[in-house]
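Letters A, B, C and D mark the chains as written, and numbering starts fresh at 1 in each.
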Amino acid sequence: MLLFGVYREFAGQAELGLELPAGSTLAHLVSELRSRSGFDRLPDRPAVARNLTYASLDELVEAGDEVALIPPVAGG
Amino acid sequence: MLLFGVYREFAGQAELGLELPAGSTLAHLVSELRSRSGFDRLPDRPAVARNLTYASLDELVEAGDEVALIPPVAGG
Amino acid sequence: MREPTIVAEITAEPLNGGELSARLRSTEDGAVVVFEGRVRDSNQGRPVVRLRYEAYAEMAERVLTEIASEAGSLYEVGAVGAAHRTGALELGEASVVVVAAAAHRAAAYDASRYVIEAIKQRLPMWKEEQYADGSTAWLGERPVEGEAR
Amino acid sequence: MREPTIVAEITAEPLNGGELSARLRSTEDGAVVVFEGRVRDSNQGRPVVRLRYEAYAEMAERVLTEIASEAGSLYEVGAVGAAHRTGALELGEASVVVVAAAAHRAAAYDASRYVIEAIKQRLPMWKEEQYADGSTAWLGERPVEGEAR
């Protein structure tokens, strides 16, 4: 999965591989991530993109999906 | 007095001299003008500027004033 | 609060919004709104080939300065500039340019809009349209109302 | 009604509002609004010396295209263009440019405002400010809300 901005600093890297059981949702992915060191500052329900589109945390993650965590944005 | 745009076409000229009795207001000036040929299409209460500022028709005209009739505007 | 920079010009020269913006903005301004009014190829369904703007120049400079200053007082802006062209204009050329620069975007948009609406209401400026058939007409759709005088 | 021209770009090159405007407008457009967001010399009272924008580039191009298209559907415009810069920017440089061209000014202002507000809400773009003392901070004041996702 892809990490940007301040979330990337939590991880110390821009990409992260995660192994998730089949049938996992984006919410599962987030909670798995929050258990890792550095990610305790990740919000409960961060914005997440799946395949370049904002996605609901209820959505299932499928093999080959491009998932990205979207920190609060600051464009403009 | 100065005439612009369509009002100038009423007169066929951009400047016009008017003799008014002392104590005349801008309203008197307008009604004097409206009696002239070509000016029957001038509104009852046109916008008027006195000395480069929009003026009320109640204002007195004084010697040396620069008076202008302001047709409906079309800037922008 | 900064005292806003005010610029108002009536000119027969071509207008350039980018240039006016560059002249007015500072690094305190996070938002710049440039409005350009341009000569359209038709008006109320009639094809227009050319326009001519005529101003009561001395009064128009004064009124345009007043309008820009009003916007500068009403909104938290760093600069407000407005320029209106006179004379013959071809299709697509800018007849008016308004620049508002501010720390924050809301003020820049509001000031910009204020200026163009006031120009339409009370700048002593007239427009003669020339049509494809060679005929011309003085446009004058907005009598200056009592409260704007 | 015309199908509006839509342009959306994420680029590391300097932005030029006048150029984008010239590319987008036609002689059917009587009104052009150009909004430029520029790097301010301070943020919440802290002096800023430089900024760096980082995008989720592939998604940002898609989201910016969506935003410009939404504005094109909501308002009667001839063209909507938006460009956002990435990488290091100096004070005063433009970080974002939005151009809206329309027959009439209300639509141009409304479309322009719609685009910049939506950019602020949901463009996947982040900003790292660098301060006079050499420290840096990731700005991220706007969590993307459910309805904007």
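Quick note on the criterion: contacts are C-beta pairs under 8 Å (C-beta built on N, C-alpha and C of every residue); 3 or more make two chains touch, one makes a residue touch a chain.
Not measured: the values here are computed from a predicted model.
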* To do: Report the chain whose mean Cα position is at the greatest distance from that of subunit C.
  => A
* Asked: Counting in whole Å, what is the centre-to-centre distance of subunit C and subunit D, each centre being its mean C-alpha position?
  -> 24
* Would you kindly tell me how far, in whole Å, the mean C-alpha position of subunit C lies from that of subunit A? => 49
* Structure fact -> Averaging C-alpha coordinates per chain, one finds the centres of subunit A and subunit B separated by a number of Å equal to 72
* Asked: Where in subunit D do residues touch two or more other chains at once?
  -> 37, 116
* Taking all chains into account, which pairs touch? -> A-D, B-C, C-D
* Asked: Where on subunit A is subunit D touching in the complex?
  -> 2, 4-6, 9, 43, 46-47, 49, 52-56, 68, 70-76
* **Residues of subunit C touching subunit D in the complex** => 16-18, 21, 25-42, 91-92, 103, 105, 108-109, 112-113, 116
* Would you mind writing out the residues of subunit D in touch with subunit A in their complex? => 37, 53-56, 58-60, 62, 84, 95-96, 116, 119-128, 138-144, 148-149
